[in-house]
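One structure below.
We just call them A, B, C and D in the order they show up, numbering each chain from 1.
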Amino acid sequence: MNALANPNFVLMVEGLTVSFDGFKAVNDLSFYVEPNECRVIIGPNGAGKTTVLDLICGRTRATSGKIAFKGQDLTQMREDQIVHAGVGRKFQNPSVYEDLTVFENLEISYPRGYSVLGALVFRRDAEVTARIREIAGMIFLDDMLDERAAILSHGQKQWLEIGMLLIQDPELLMLDEPVAGMSVAERRKTAELLNRIIADRSVIVIEHDMGFVADIATRVTVLHQGKMLSEGSMAHVQADPKVVEVYLGH
Amino acid sequence: MFSGYSMSELGAIFAMQGFAGLILFSVFVLMALGLAIIFGQMGVINMAHGEFMILGAYVTYMVSHVFQTWLPGLFGLYFFVAMILAFIAAGLLGMAVEWAMIRHLYKRPLDTLLATWGLSLILQQIYRSVFGAREVGVTIPDWMMGSLPLTDLIEIPINGIFVMVLTVAISAAVYVMMFRSRWGQQVRAINQNRVMAGAVGIDTERTDRLTFGIGCGVAGVAGAAFTMIGSTGPTSGQLYIVDTFLVVVFGGAASLLGTIASAFTISQAQSIMEFFLSGSMAKVLTLLAVVGILMLRPQGLFALKLRK
Amino acid sequence: MSDNKKTPANPLKSGPNRRAVLAGGAALTASLFTPKFLRAQDFPTAAVNTTGLAVTDDTVTIGILHSITGTMAISETGSVQAEKLAIEQINAQGGILGRKIEFIQEDGASDWPTFAEKARKLLVNDKVASVMGCWTSASRKAVLPVFEQNNGMLYYPTFYEGLEQSPNVIYTGQEATQQIIAGLDWVNRTKGAKSFYLLGSDYIWPRTSNKIARKHIENFMEGCEVVGEEYYPLGHTQFNSVINKIRLKKPDVIYAIVVGGSNVAFYKQLKAAGIDMTKEAPLLLTISVTEDEIRGIGGENIEGAYACMKYFQSLKNENNRAFVAAFKEMWGDDMVIGDVTQAAYLGPWLWKAAVEKAGSFDVDKVREASPGIELPTAPEGYVKIHENHHLWSKTRVGRAQADGQYEVVYETEDLVEPNPFPEGYQ
Amino acid sequence: MKKQRLFELDEALGFALLAAVIFVLFPAILDDFRLNLFGKYLTYAFVAVGLVLCWGAGGILSLGQGVFFGLGGYCMAMFLKLEASTPENTAIQSTPGIPDFMDWNQITALPIWWQPFHSLGFTILAILAVPAIFAFILGTAMFRRRVGGVYFAIITQAVAAIMTILVIGQQGYTGGVNGITDLRTLLGWDIRPDSAKVTLYFVNGILLFACLFVAQAVRKSKAGRILIAMRTAEDRVRFSGYDVASFKVFVFCLGAAFASIGGAMFTLQVGFMSPTLVGIVPSIEMVIFCAVGGRMSLLGAVYGALLVNWAKTTFSESFPELWLLGLGGLFIAVVMAFPNGLAGLYQDFVRPHLGFLHRERARAPAADQSPAE
């Protein structure tokens, strides 16, 4: 079977390996993500979770292995091309443009005018404004559009970054610890937001908060030292003795 | 171009050309070590590096006068005193500069570049006001200016040997300090994670100041040594700055070993090309090659591939 | 170490030892020159200055335009000092047409556009009657259009490559053929030198000079040949490779036109490589190292090399003795005087003679009067301005001593005619 | 959410004020000599404006802008030199009709790559295209490989050094250290008299404003905001679907073209071009013009170039030996105390008193934050 061409999966990762000076941060990893699935990757610190996301979105180049998104080989594509293919990625630390307003932050992510020329002639028309307002509403920032992003709270920045992904409407959304560092109230609102946005797309989430994971996960992948330790439903994973050992031994 | 020469002549020439390359290599290492410490370990661009070197040269000049006047009997040895004083003078100035200027700019590396360029202009003018606009002649002890005839054809310049020995000694000292001393451990710790290093009790301010001082001090020693082969004037320092930076960047900024390797590569390339081409073209081609390779491999020759 | 302290920060204030300088000037005057005390009232300003120059009833203003900052300050400092000395001495004699010379000094800052800018300022804003200035060819080329357009008069002191003859410039240094040919002939005649290795810094003067040298060696010197020709970037400091090439080629003469900081590196490395110039095998002949440069190189590092130029500080004649004494009185005992410094000293005197001959400060009249002007008081001996605005002068060969002075070993019998566009050397 | 405008009210007033200063004030109060000097300063302002885009907006510090300034200057100088080297003017040479320095270097025929510079049209095209293409190659090679910050600065500096050595070394083709001198006419129009210099001053000012408008348009476009975004979170821009390198290459090329126009105007105003404008020192000085004016502010860059050069001329006339101390101190002061330069001082001290100009703006714009690194 040519796994790369299998239309049943949105994302296929096969035999993925990356090494830094001999240290294999990800080692022969394979997993498959189906349409509308919410895959949560968990694992102790240093398990290689973030590196996996880096590999998928092109930030780090694989030493060997395959990554296919809807039949396209991502390992040969530039970051921006991967985005255009429909993969969105949120970083662990909120990454927004602090010198720009919330509105401008969202506007930059609006999927039009990606080339230099396109960006030069880009016009802020009614359609753009309407869409930005819509997204701003979803991420609880509709009354802060003219504020500079620098003054937002940590949680608001996380939302803003999620909003910047949403406006692109990606088919595969990758979120790296979306609720880390949030207050309880923010965390609740974020869970609500995530539940809404994962409905009609595939999502990969890295998260430590098990309650949160149980809440959203379709399937869970457990990584340990760059390798797949266990995979399956939340209940399956929690019952797996290897997982228990890693977490207790940790 | 080799027709009409005997094998022994050719052999002698190649031996001497190889030696010339080694001298150039030593000169590059001496120039670059101080900068490699400062740039590699602290991320600071010190455009006044050449002026710190010239400070060492002027110290040598003054010490030579003191010895000539008061200790003519020991004149043959003044050079060693001069190098120690050059290290101290350049090091102290470096620490003062770190305290007054650099420590405020650690988060803005490009701004250190501009500020230290300003510093270099100021130092040049100070040298000019104190020592005059003309070059000063530093008298080198006779024993250092001769040469050792190995065979009829091969002569080895003693100052070349001196520079090489000095280079080995300083490189070894820097190596020991960086990798065997507590200070070196602290420097490397700060380089990797400034906040964490501070949290575990390393006095980052003191270590920074010391590091900058040592880097400048090494530049001062290099300047003292270069009075043997180059000129000492207010603007002489600028002659070295581009070569020096290229050596450090080409080697991979964070790696002392890389600096040495890149000095070796560049010096050999330049020395060989100088022999076959005209001097100007050799220089241009060397620089072009270095820039070209840097474009292909911006992290330099010896940078580690790090997990971001 | 102290020469700069003696450089007056404000040019309009006089330097130290004014009285001594005046005495020196007076001595020079008394012994060499029959002073014609010209009174200003005999030359009404309206008559001697019809073009609006900065001339009043008792002063005339000239410009001094050299680099006192930047890389060229090393070389140009001596010229400034010599020009100021000449001005002091002229003023002590009563000035020009009864008018004291005042001067405005501008800094070219080793930057050619700055030279052009300052030249314009001196001519257009300050209306100076003449300018003593420039050192490098590049700075002269930069100011040349300014002088021609605004009809100024420049006295240019440096030995240079020739190929130029401007109505607005008096070239008080030698052009290339004057400096080069006599030296090559001498080294061939007295030392039997047959093979030459040409070496230079990479810019127009060394390249043109070496071109003339090569043409002369190949076309006019029987059985002689050039075995190598090589250029290094300005400021280059590593010469071991070329030294090895020289060993390989074994020339009789290394013909070196290295300048600036490279000079120091070149001679130190030459000595360290075991090429002892006192043994004259190979012999080193240079046209770029004056006593000024030796200060930086160190006499012990260049001892035995020969230099070919028109003036050495050690020249034994009355003019020169008085000049050297006055110069040291004004600027300090540790001063040395090189060829260019002396040529710069000639500038104000040549201008004075031309003004007095013309009876006017007008540039056109000064220019007309200039050819044929003689200066028997020149430290180098008698000089005379040629129709082509260069000087007739003798060429001399000196042998470098450990004390940093040259011992004159040869001088041409007659004045050498300046020939800025030499036939057969193009 | 505001409507996008090319100018806010205060920006429009700033442009108008600068126009008044350049086109009315200076010609009114300066004599021809000083006006010509200010014309020369304005040619540096082109470089500074380009640097505001590259460095202030894009975070790319190039220490090789002198190369582009020089390329433009040399293109123009080649055209003017060919026009000045008529067979009649050069009859004294062994090969009449070629530039004098070629004749001195025993070159007997005009090199082929000089030939097209007989045409003014080609020359103008070359002034814009040659530096842009060079910047494109350099920028593509470096930005594609994510060379940035300090490394980019040092490599561009090395390029400036190489360029200088090359120009000096190939003196048969470039005029060497002397540069290309003795330029006389532009299509028969004598550029040397004062009247011509005054005309050139105004041409220069108009071109500078054209560049300022282009720069303003870029800054106000989404591309301008992307540049600002890149400075703080380059990866975020990349993972929002933009090819970051191409944006950097774009501003770098634009800055190069501006510098080149400045260089061409320099040649016209000063009457020659030489390698001293190409090397490391002038390149760094051009950065300081920009830093003094405020690296974020287009108009600040123009004022910075004028102010530093005016100070240089004035100080070096009165206190030549203190000038370097002053310039060095200026570098340090701007970096340590006034990182946003003149524009920063304006923002902090003047603007608060001009509230009526920007009432409609809710908050201060981006320019008042600390420099990006």
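As a convention for this text, contacts are C-beta pairs under 8 Å (C-beta built on N, C-alpha and C of every residue); 3 or more make two chains touch, one makes a residue touch a chain.
Note that the coordinates shown come from a computational prediction; the quantities given were computed from them, not determined experimentally.
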* If you count the contact pairs for each chain pair, which pair has the most? -> B-C
* If every chain is reduced to the average of its C-alpha atoms, which one ends up farthest from chain A? -> C
* Go ahead and note the Å separation of the Cα centroids belonging to chain A and chain B. => 48
* Rounded to the nearest whole Å, what is the centre-to-centre distance of chain A and chain C, using the mean of the C-alpha atoms as each centre? -> 75
* **Mean-CA-position distance for chain D and chain C (Å)** => 37
* Structure fact -> dist(centroid_CA(chain B), centroid_CA(chain D)) in Å evaluates to 33
* **Residues of chain D engaged with two or more neighbouring chains** => 165, 168-169, 321, 324
* Asked: Among the residues of chain C, which ones contact at least 2 other chains?
  -> 68-69, 202, 231, 233
* chain A residues counted as touching two or more neighbouring chains -> 59
* Structure fact -> Interface with chain C, chain D side, in the complex: residues 31-33, 36-37, 40, 92, 94, 100-101, 103-106, 165, 168-169, 171, 176-179, 181-183, 192-193, 270-272, 274, 276-277, 313, 316-317, 319-321, 323-324
* Structure fact -> As the complex stands, chain C meets chain B at residues 1-4, 68-71, 73-74, 77, 202, 230-233, 235-238, 240-245, 247-248, 260-265, 268-269, 271-274, 292, 294-301, 404
* Asked: Considering the complex alone, what residue numbers of chain D touch chain A?
  -> 1-4, 217-218, 221-223, 225-226, 228-229, 231-233, 235-244, 246-247, 250, 362-363, 366, 369
* In the complex, chain A residues that touch chain D -> 57, 59, 78-80, 83-84, 88-89, 91, 95-100, 103-105, 107-109, 111, 113-116, 119-124, 129, 145-148, 150, 161, 164, 168
* chain B - residues contacting chain D, complex -> 43, 45, 101, 104-105, 107-115, 117-122, 124-126, 128-129, 241-242, 245-246, 249, 280-281, 283-284, 287-288, 290-291, 294-296, 298
